[in-house]
Structures are given as C-alpha cells and as structure tokens.
Amino acid sequence: MKKKRRLGLIGSGFMGKTHVFGFAAAERVFDLPYEVELAAIADVTMAQAEAARAAFGFTQATDNWRSLVADPAIDVIDITAPNALHKEMALSAIAAGKHVYCEKPLAPLAADAREMADAAEKAGIKTQVGFNYLCNPMLSLAREMIASGELGDIRGYRGLHAEDYMADACGPFTFRHDPAGGGALADIGSHALATAEFLMGPITKVMGDCVTMIASRPDGKGGVRPVETDDVGRAFLRFANGATGSIEGNWIATGRKMQHDFEVYGSRGALAFSQERFNELHFYSTADAKGRQGFRRIEAGPDHAPYGRFCVAPGHQLGFNDLKAIEVAGYLEAIAGLRPEPFNFRAGLRIQTLVEAIQQSSRAGAWLDVNGD
Amino acid sequence: MKKKRRLGLIGSGFMGKTHVFGFAAAERVFDLPYEVELAAIADVTMAQAEAARAAFGFTQATDNWRSLVADPAIDVIDITAPNALHKEMALSAIAAGKHVYCEKPLAPLAADAREMADAAEKAGIKTQVGFNYLCNPMLSLAREMIASGELGDIRGYRGLHAEDYMADACGPFTFRHDPAGGGALADIGSHALATAEFLMGPITKVMGDCVTMIASRPDGKGGVRPVETDDVGRAFLRFANGATGSIEGNWIATGRKMQHDFEVYGSRGALAFSQERFNELHFYSTADAKGRQGFRRIEAGPDHAPYGRFCVAPGHQLGFNDLKAIEVAGYLEAIAGLRPEPFNFRAGLRIQTLVEAIQQSSRAGAWLDVNGD
Amino acid sequence: MKKKRRLGLIGSGFMGKTHVFGFAAAERVFDLPYEVELAAIADVTMAQAEAARAAFGFTQATDNWRSLVADPAIDVIDITAPNALHKEMALSAIAAGKHVYCEKPLAPLAADAREMADAAEKAGIKTQVGFNYLCNPMLSLAREMIASGELGDIRGYRGLHAEDYMADACGPFTFRHDPAGGGALADIGSHALATAEFLMGPITKVMGDCVTMIASRPDGKGGVRPVETDDVGRAFLRFANGATGSIEGNWIATGRKMQHDFEVYGSRGALAFSQERFNELHFYSTADAKGRQGFRRIEAGPDHAPYGRFCVAPGHQLGFNDLKAIEVAGYLEAIAGLRPEPFNFRAGLRIQTLVEAIQQSSRAGAWLDVNGD
Amino acid sequence: MKKKRRLGLIGSGFMGKTHVFGFAAAERVFDLPYEVELAAIADVTMAQAEAARAAFGFTQATDNWRSLVADPAIDVIDITAPNALHKEMALSAIAAGKHVYCEKPLAPLAADAREMADAAEKAGIKTQVGFNYLCNPMLSLAREMIASGELGDIRGYRGLHAEDYMADACGPFTFRHDPAGGGALADIGSHALATAEFLMGPITKVMGDCVTMIASRPDGKGGVRPVETDDVGRAFLRFANGATGSIEGNWIATGRKMQHDFEVYGSRGALAFSQERFNELHFYSTADAKGRQGFRRIEAGPDHAPYGRFCVAPGHQLGFNDLKAIEVAGYLEAIAGLRPEPFNFRAGLRIQTLVEAIQQSSRAGAWLDVNGD
C-alpha cells in the first residue's frame, strides 16, 4: 500500500486546473511513490473555492490560504495564485515544513526568489517550479544528444517564445504589466531561457534588448495607463560550453500561439524544434551519406522516455497536460528521494536572475556577466 | 452530489490503459453527469488482473470476466479484450442489463457486430465503440465546415490510415492476421472509414483493392504461416452527398507512425488534415482575396470545443489520451440521456459492414453497393 | 565549333514559351552537342507568329506550319500546338525526315500515338514528348534509390496530380473536355502515371475510377454543354516489380496548384515527395539508429545531377523552367547519339495506353491488364 | 528593332555563370528595352577566359580586364571578380563611362563602396549591385503588404541568413576570412540586412554581436592561420518605422543550405518566409473569422508579378536563376530610364555601412546609430 501525500492547492485558474489534471494523469500514467490525496483547495472567495473543490474533487475548500498552509494534515502546498503572492505563501508553507510546488515565475523579483530558495534549502523541504515545457520527451532527447557529443562541439543557439495574447493594443493593463516583475521577457521569455539552459547548460553573459511597443493600455476605468514593461525582450547569450546564441520573448507576435522554438548547431549535427509541433524533433547529422543528408523529423515514441508511459505506440502524441503530468511525477519522485528535484526553487531563482540580468543589461545598453545562481 | 457509475473493465493492455487514462482525465476535465468508480478489472490471470488493479486504482480484480459482468454492483462494462471475445462479453453484459463500452472493432465480423447492435438496442442499454480519432476538436470543426456549406458543394475526398507496425516481414503471425476479421483494412483502414463517414456522411458504393504483400510470417514455432489477410486495403468510394473519393488502410507503410490523413475538396474551399499534426486543420477558402489565397493552418484552441476544457489558451495542444477523455465524456453524457450516443454499436457495425463490403468487392473485382446499416 | 541544329516551333502559348525558355537556358547551362538556332516559328495567324518571333528571337515567322515543316533548313520540329493537331504535324515532320519534339499528350488517342511512334521509329528520327516533371533531379534520385535496392523490396506506391484550374463550375467547355482525349486523367493524371512508371517500372494492371463531377459547362454561346470527360480519374495499380499502388488525377482540387506528389514504401525505407516543394525529397531509412529515425528532408544540391549545372551551391533551388531546360538538353544529347531518347514517342504512347486502359477499366468497372507498349 | 547593349563580363565563376544565365533568361522572359550582346568576357588566364567564352557564348575573351573596360564597343561592365578587385574595376569602368553591374558586396569596406557610389553618381551612369534574393515576387508581395498597411502597424522583425559552408573547421582560410571585409555578417548577413531594409525601410540603430567560433583554419601550407572574422554576426535593430527586430548571419549553421528567413509582426497581421521554400509566403490576418485564423501558405503565381512572365500557371515555381533574370531585367530597364535603379551602388554602400556599424557596435559592446547613407 502506497503512502499518502495530501495536497493543498492555492488557486484554481488556468494553472490550478492544469496542476489538477497533472496530478490526476500522473497517478494513472506513472508508478508514483505516493498516493496523492486532493485534500484542500483555497481560493479568494469561498464560492470560487467551493466550485473548484467540487469540479476538481478536493475534500475541503477554503477562502483562507493560511489555514490551508497551517493544516497539519497537508503535506504538499501547491501555489498557483497570482505571482505577487508566491513569496508569502511559499515562505509560510516552508515555515510549516511543507513541500512546496510553485507555478512559475517563482517570484516577480530575483531577490524574493532567492529568499524563497534559501528558506527551502535551509528547511530541507523539496520544491518544484512549474516549467512544464521542459518535461517534453523531445527536449530530453535533445539534451541527451547535446550532452553526449552526438552533435559535436556545440556552437550556436537560437531560442524563442513568442505568442500574441498581448498583441491587441486595446487589451487592458494587467498585473503582467507591473513594472515590478512584469513584461514579456519575465512572463514567457523566461520559458525560452529555461529551455536554453536546460539544453545547453549555464549562460555566462547576456546583452539585453527589452522594448515596449504598446506604450499605454486601457486602465479599466475609462483612461489609459502607461506601460513600462517590455513587449519584446531579446538577448544575445554566451554559454559556459563555448557556444553563443540568442533568445527572444515576445507577447505581441500576431498569429503565434506557441512559438517556443529552438535551434542548436554543433560541429557534427543540428537540432530544430518548435512547440507548435512539440512531438517532433528535427535532427541533422553530418554522418549521413553524401546526397542523403537532411533534417530528419523524429516523431515522439516509446524510444523517448517517458512517452511509453502514456502510449505504447509511437506517433500518437502527448498533449500539453501530459507534460504537466510528467512534471508532477518527477516532483513526487524527488519528494520520495528517488531522484534530485527536477526544477527546484534554486532553478526558479536562476530564471529570475537571468531575466533581471537581461533587463539590467538592456537598460545599461551593455553586456552583463550573469551571477552563478 | 453526483450519482455514481461503477465501471468494470475487461483487459489491461494498450487500450485498457488508455481507457483508464480516459476516465481519469474526463473526470477532471469535464463536468461529467456521474462520478465514475473504478470498481473492478478482469484479466486472463489473477496476477495480471491484480497488477492492473493496483496500477490503475480499481477496487477489485478478477481473472473471471463473467463474474465481473454478473456483478450487480457494476453499471458499465468496458471491453478491451482481444477482438474475438468482444461478442460473447458484450452479449453477456447486455443480457445483464449493463451499458457496454467496447474497443474497436466491435467484432471481427459484421454478422457478429449486427447481433451485438441488435441486442443492445433491444435491451435499451447505451453503447459506445472506441473510435477515438473522431473525438478530435479539429475533426468536429471539419465536419461543421462541411455540413454548414462553408466549403460549398463537396466533391472529393481522400482518406488514409497508414502505419508501419507490420512492415517487418519477420514480425510473427498474430490474431490480426486471422482470416476471420484480420487485416490492415479492418484494423486501421477502419479508422479511415470512420473518419470518412464522420465527415462526409454515408458511403453508398465501394470498389475494393485488398492486397497481401508479405505472403507468410513466422508462426512462432520455427516455421512460417501463410498470410491471407490484406496488408494494404484500398477503396474507391461514392458518398450519398454526391462526392467521390478513396481511402487506404496500410500497416506496412515504412516510416509512418500515424498517417491518419484526409483531404476534402469542395466548390468553395478545401481541408487538409494529418494526424501526424492533429492539432492543426488546413483550410483553403476561395473567398480569400486574389493573391492572398492559400491553405491556412488553423491551430486548435478554445474556439474549437471541447479544447477549452483542457486548456484556456490556444496552441497548447491535446494529446492522444485527451481524445480518449473526450470519448469517455461523450459516452457518459449519453448514458445520462444528455445527448445521443456518439458512436454506438450500430455505428460500430457500420464500420464492419463497410470493411466487409470493401473486402468482398476486392475479391469480386467489382463495385458493390453498401447496405444501409 | 559546334554543329548547328535549326529549330522550328509550332505554337507560341504557355508551352511554346516554356520550350523557348528551355532551349535558351539549356544552351547556357549545359554543354550541349549542338548550337540551336531558333529558325522559325509558326502560329495560327501571321500577327501571332510575328509577335512571338520578335519576343522569342526566332529568325522567321509563318502562319503556315506546313511550310515550316517542309523547310529543308530546319532540323527539329517542336510541336506545342493544340493536342488534336499533334498527329498530323508530327507525321508530316517525320515524313520530312525531321526530329520531332512534341508537347504532351503525344495525341488525344493511343491509336494515333501508336501511328506516330511507329512512323518515328521507321524513319529513324529522334523524338521527345514533354513530361518535364520527370526531369527533376530529385526524381532521378528517387528512381536511383528505388532501383539500387536502397529502400529494400518496393511494396507500395501513392501518386497524385491535383490542381484546381477546372474547379470553377462556371469555367467554359474547352477542348480539354472533348470526349476524344479530354479529361483530368488524360490532361494531368498522365503526369502521375508518367512519374509512377519512371520511378517504379511498368504497370501491369489497372482498375480505374473516372468521374465527372461538373456535369455541364457554359458553351460560350449562352447555353451549357454536357461534360462527359472525367474531372477526377483514379486508379489502383499493379506493378511488374510486385508492388501495388494507386494514382489520382484531379483538376477540381480546390486550392491545389501543383499537387504532383508521390510516396513510395519499401521494406527498408520510404520516400515522400511533393511538387509543391519540388527541390526536396523526404527519405526514411530503417537503418537509422533507434530513437533517431524519421523522414529526412533532402534538399537538392550538386550531389543530385544535373543540379550542379545550374548552381554550384546546394539549397538555391531549381524552378519549373529549369526542368524544361534539362528536358531539352537530354533530347539534344539523344539526337547526337550520346544517350537514348529520354522520353520518346513510344514512351508518350505508353502514357496514352495507360490512360485509356484506366478509362476503359472505369467504364467496365473491372480490372484490366495493360498491354506492353 | 531593339537597340543593342554590349556586355563585358569580368569573372566566370559561380556568380559569373549565374549572371550569364540571368541575361539569357531575361532576354526570353521579359520584354527588355535592349538586345544584350555578350560581347566580351575576361578572366585571370586566357585559357579560363576562352573556356568561359565558348561555354557562355561571348564573342571575345581576354585575360586583361582593363582592355575589356576600355573597349569602346562595350556599354555595360559586369563585375563578378573577387571582392577585393571590385573597386578598381568599377572605378575604371565608370571613368570609361560604362554602366556598371557589380556582384555583392560592392566592396569589402564601406569607404571604398562610398567612393564607388560617389563616382557613379557623378558620372551619371547606371549601376546595380547583385542582391538577387530581393527579386523574389514573394518579397515584393511582402513589401507591398507591409507598405500598404495590410498588416497594421509594424512592430517586430526577425531576419536570418544561415548556411553551413564554413561549418567544417578543416575548411581552409580564404579571402572570405580576410579581416578587411570578410566574415559571415559581411558575406551573408548582408543578405539578411538587405531584405530587412527592403521590407521594413531604414534601420536607424544597431547593437551587434559578431563572434568567431572557429579560431583558426588551415593555411594551405601545412600550418594554421588565426581567424579574426566572425562566423556568426547578430544584431538588434531599430527601424525608422518604429519597429524593433534582429538579424543573424551565420555560415557555420550545420545542415542549413539557405535559411534566408524572415518574420514580420504587425498589429493586424504577420508574415513568415523561408528561402528554403521561397515560392511561398505565409500570411496571418487578424481579419479572418474567429476559429478560422491561421498562417496561410500563399503560393507564388501570376498574381505576384513578375511570376507570370515565367509561367502563366500558379504553383510551378521560380528557381534561383530566375531571380537573377528578374534582377537583370530591372537593371536594363533602369539603364533605359524606364524605372529607378533597383539596387544601385548607393544601395550597395548602404549594406556595407550597416555591416560595419554592426561590427563596430559589436567591438564596442554598445548600440550605434546608423548614418544615413
């Protein structure tokens, strides 16, 4: 009989829902070390919390996240509340000795993220930040091909995360436009950065270019509010492995829904990937015979763990929610001590550090070394 | 408090697992009319059944499917056992007054499928056959575009379901090569037929071309066994809507993992789809401005129900198991009387009827009218 | 100093122009055995002929093709006049001892084409029929890969030539709708057949499905005229190499401009090609490492002769007119005895024979053996 | 009767050949204002020149380019000699009152290019620099869509020109690695810059990132020679139209043969293009109906001038050499005063100015305003 872990979820929006789907799927798909009980859910109002409880199958609902965090019957706190609240919630949970799973970004500012990472490590609890695009088997394959030398010396990288959900200039000012932690680079460029380091290892220097293209937005009260955060955040990159590259985060890329792409160029091969078709990895090998070389469309299948957990046949494809299930499973295994934390608070801090380095570099108009954490 | 429906699953292989994933996901993703309890699972041996029970979270396990069918505490019987057993199991379940969910094909032979459909209708229970590719929101979109006249008069159709899992001539003889009900047309060409009628409405005439390309296969005892079933099954088609077309089922299509494709040509537009990228539908409209016409890659999003149930943002993509969740949800809604059965035994019979008509036409080398059911 | 060959061109429309482009380019791109002089051009009226002469750079113009054919100063007669005139023109030219280059189809009916081929062979002159899609280096590569065994035993074939230039039901009745020799199968399905045999070798049996979808068209006099020719011509195929397959010719495929596609499936590999991107050939090899298999996009380059004649660097791409230049060069080399005729009247007859066999099979609703020539 | 213009070509390598193809094709395809006579060709040795003369159909050959430039019978000097010689040759030709067509780059250094542009303008002769990717009808379409407001306010740009012809670290040191004017940015990044300004209008500021990834190369004498020029040149860009963007030039992009790509994002639409499939332009419009939006693959056809000159039917495709024919035709029309020079020496200088600004910015690690010319 498996041990139980009781989950307390804070937030029931887009990401709250995705987390619940992730736990539900992970339970069926993986041989998890724990049985996860959906113990309690908190939201701003009791009505919201109760509706989410019923929809998602939690035992209890509350409009007081503090009571949820304090509840001794709960083992793991899962935070999908607005970014600005992550820190307070996580620190409370850590203080209560709970494991903490926090949706990205870990915190709007790196300084806050650092406090959270330090606290988590000091408390010895296990943490996870949700960067679920990383859980794609095709990204693991890419990382392995890079690390193993299959592509030769790695020389170049191009990364991207572009969407269009802020492309409409009539879209209102939101918390995502808050000068403290907002902007396209922080919001989705962060995914491009996470993927870049996941594949390539540490970034050592950055040169940023963060631009505001829509200067003001409706403030919801009939007026407009100036926007100071970036709509597009670009960076040149230096990697510790000797490669150079670039990334772009862009939330006004009209027509793009999920252009989370990368290309990697090595001395003996290359990779090209697009999240628009994320069950494929395109691979070029200079070892192929003359006249027969070309980018090869590898389709995800059981050869690419943990795809086989979801489906025994190749080509059937994983969906976005499946990536979350993989993330959930990895975290539970880490809690059980079966593997290192896949993407802990320290890793989440790292992304914030990179984001802020790029922003600072952009303001200064100069290259900046990136600190180690 | 939702009413409960207790599920009894027979079989725990590829499809058994997929069904369990489907029920688990459907529960979270949809607002189901019932709470589904995973009551009991049956497999050939007690060891297999018990392992599946533990892995999937069923309450009970048994190596006797008859006792599972007979159990008065179970409301819905879900059959994912080998095809040859579908009939006996389903008829037992129907006799016991249970709703029956049966993986495709409904039965190896249309005559058997007809018995099953007749029995189900007579008993008034609700049935479902698993043709989960149909549950793709992009196929619903395609059907709607065809039905609404958005494409004008529908003239041409090309359908395909090609894979390569039988391409290796050293692959052994299996039940799928059984002359009674086996072959590529029955096994996967059936998907191409289901999609064709789902989109276009009834097929009225067929001309078949069923060929065996690998004449014999290892019999598992050191010898070989001749193969009489088709490796490729093709058909020309006539549709009641006036269109003509073709389909191909092919399990020796080297390199293809999921080439479930279609193209539809109308007088005012066209559609192109590939299951290899099943979150996209390509749409050409003659109404687009001169010099601006072209196939448009529509990416699945909340505009295409029920995508929004899984994810509030476009471009995130559904996976194969999500399609099963949609199938499950539709069936449970049908049990609750909220909608017609999405793909009942009568529909399952229809596919077998089409398969056999094509096979018979191929043997005769002549066109054949397809009967109404 | 190269010997001269004087060209007499009949017709100055789409194909006449393309031929002139072909000769002009071939002269620069290839090391031709002859210098080709654009000696004379004939068209229906003197005005048309003179305009074409000036535009294309011919020395003389005439409205009398017979005088052009009779002119002893002309060595090669190039026929791009309407199909119905090909036979009379070609036989005249052959009788005058001229080499004859004839745009496809060789003649509307196979019987006529046979007379032409017989006459040419008896006269010992060199002939060429324009099937220029065959001159693509990527098709040569595909043929070589099939012939060499690189794909293993060849099992399956799918061919297509679909366009939409007849998709508008208001488009008038033209000579292409003439029951003697007209229809989509003859007009463009013929390309699909030419490619099929070019790659796969002889077709031995066919089962045809030729359908008229637009029953009548404006007759240009305010009335309508019934259409008896096919808008879509499909066929199942048997090949002498043991493979089976299908082709479709379709001129009402809304949105398609050049869907001249094929897929070839062998026991050890597969190919996929689309004329929509005709500088690419997609190749799957079962010899690729586990987890690294996939269709590989080979881009045309100097490794794929005669691409290097046009450009020393890969990826720059050939255009449609370049294919015609390759055709022209091959024909001139054949005239010089340096190689066999690439696609002579006998080959042109072969296509007509296949077209008529498919049409006849369609009318009979039964398979038909294809005669040897 | 058309007036003649006599061409003197200097150089007979890759580009010399391409120019000859361009003149030959342009003569047939376009209604040129002149008849172009291939009067004389110069190369380094008499043997090379004579071979090229015979192959290309020039009247005379010489190993002395000065005599060719001085020949009063020659009207247009076409320079495809090594970059380092462009200046001297062009200035001589200008001094002799000849029109000058010069392959890109106009000169290795902007200072030299400026002298050339100034001299040409002072002399009142017509000049052309070969940036033939710009002559693609799909680029004209893109430019028109941007300029007309069809895409709304233009906000973002991503440009690229990546190939792999320098990816092999064993490839020898060549003139392309010369610190004066060499490097990937100058050699092919220049194409990305030309396309960027062609589409978007003037670049006003740049931030460069030019990196050497292969530190030394064989010197051809058994030793190695350090490389100081960039293998990858990146830049952030500001445009006068208010947009921001980036480009990359990269000649070590393993597997890429012609990744000359761009994406343009406006407030009401977007474009995506790849030279790998350069007969297509992908267009997204926010005006498309809800649930029907997506990038639309527009295939080149007669609606996109001057495609119709080459072929009356859409989808047949232009090749690389056809782009050169368009360039040639535009230049000859400019010589005849029928249109402005499409891409004159001033425009060629502009590219060098941009290249050097990016290089200088990269060395300084700071943004740089770009001067007006």
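Letters A, B, C and D mark the chains in the order given here, with residues in each chain numbered from 1 onward.
Assume contacts are C-beta pairs under 8 Å (C-beta built on N, C-alpha and C of every residue); 3 or more make two chains touch, one makes a residue touch a chain.
Here the structure is a predicted model, which means the values were calculated and not measured.
Student: If you tally the C-beta contacts for B-C and for A-C, which one comes out higher?
Tutor: B-C
Student: Using the average of all C-alpha atoms in each chain as its centre, how far is it in Å between subunit C and subunit D?
Tutor: 35
Student: So, what's the distance in Å between the C-alpha centres of subunit C and subunit B?
Tutor: Whole-Å distance between the two chain centres: 41.
Student: Just how far, in Å, is the C-alpha centre of subunit C from the one of subunit A?
Tutor: Here subunit A and subunit C have centroids separated by 54 Å.
Student: What are the residues of subunit B that contact at least two other chains?
Tutor: Touching at least two other chains: 256, 293-295, 299, 301.
Student: Touch graph of the chains shown: is it line, ring, star, complete or other?
Tutor: Here the contact pattern is complete, since every chain touches every other one.
Student: Report the residues of subunit A in contact with subunit C in the complex, numbered from low to high.
Tutor: 141, 280, 282-283, 285, 288, 290-299, 301, 303-304
Student: So in the complex, the part of subunit B that touches subunit A is made up of which residues?
Tutor: Contacts found on subunit B: 14, 17-18, 20-21, 24-25, 27-29, 31, 55-57, 163, 165, 256-258, 275-278, 299, 301, 310-322.
Student: Inside the complex, what are the residues of subunit D that reach subunit A?
Tutor: Against subunit A, the touching part of subunit D is residues 151, 155-156, 158, 167, 169, 207, 209, 211, 213, 231-232, 234, 236, 244, 246, 248, 250, 252-256, 263, 265-270, 284, 286, 293-295, 365-367.
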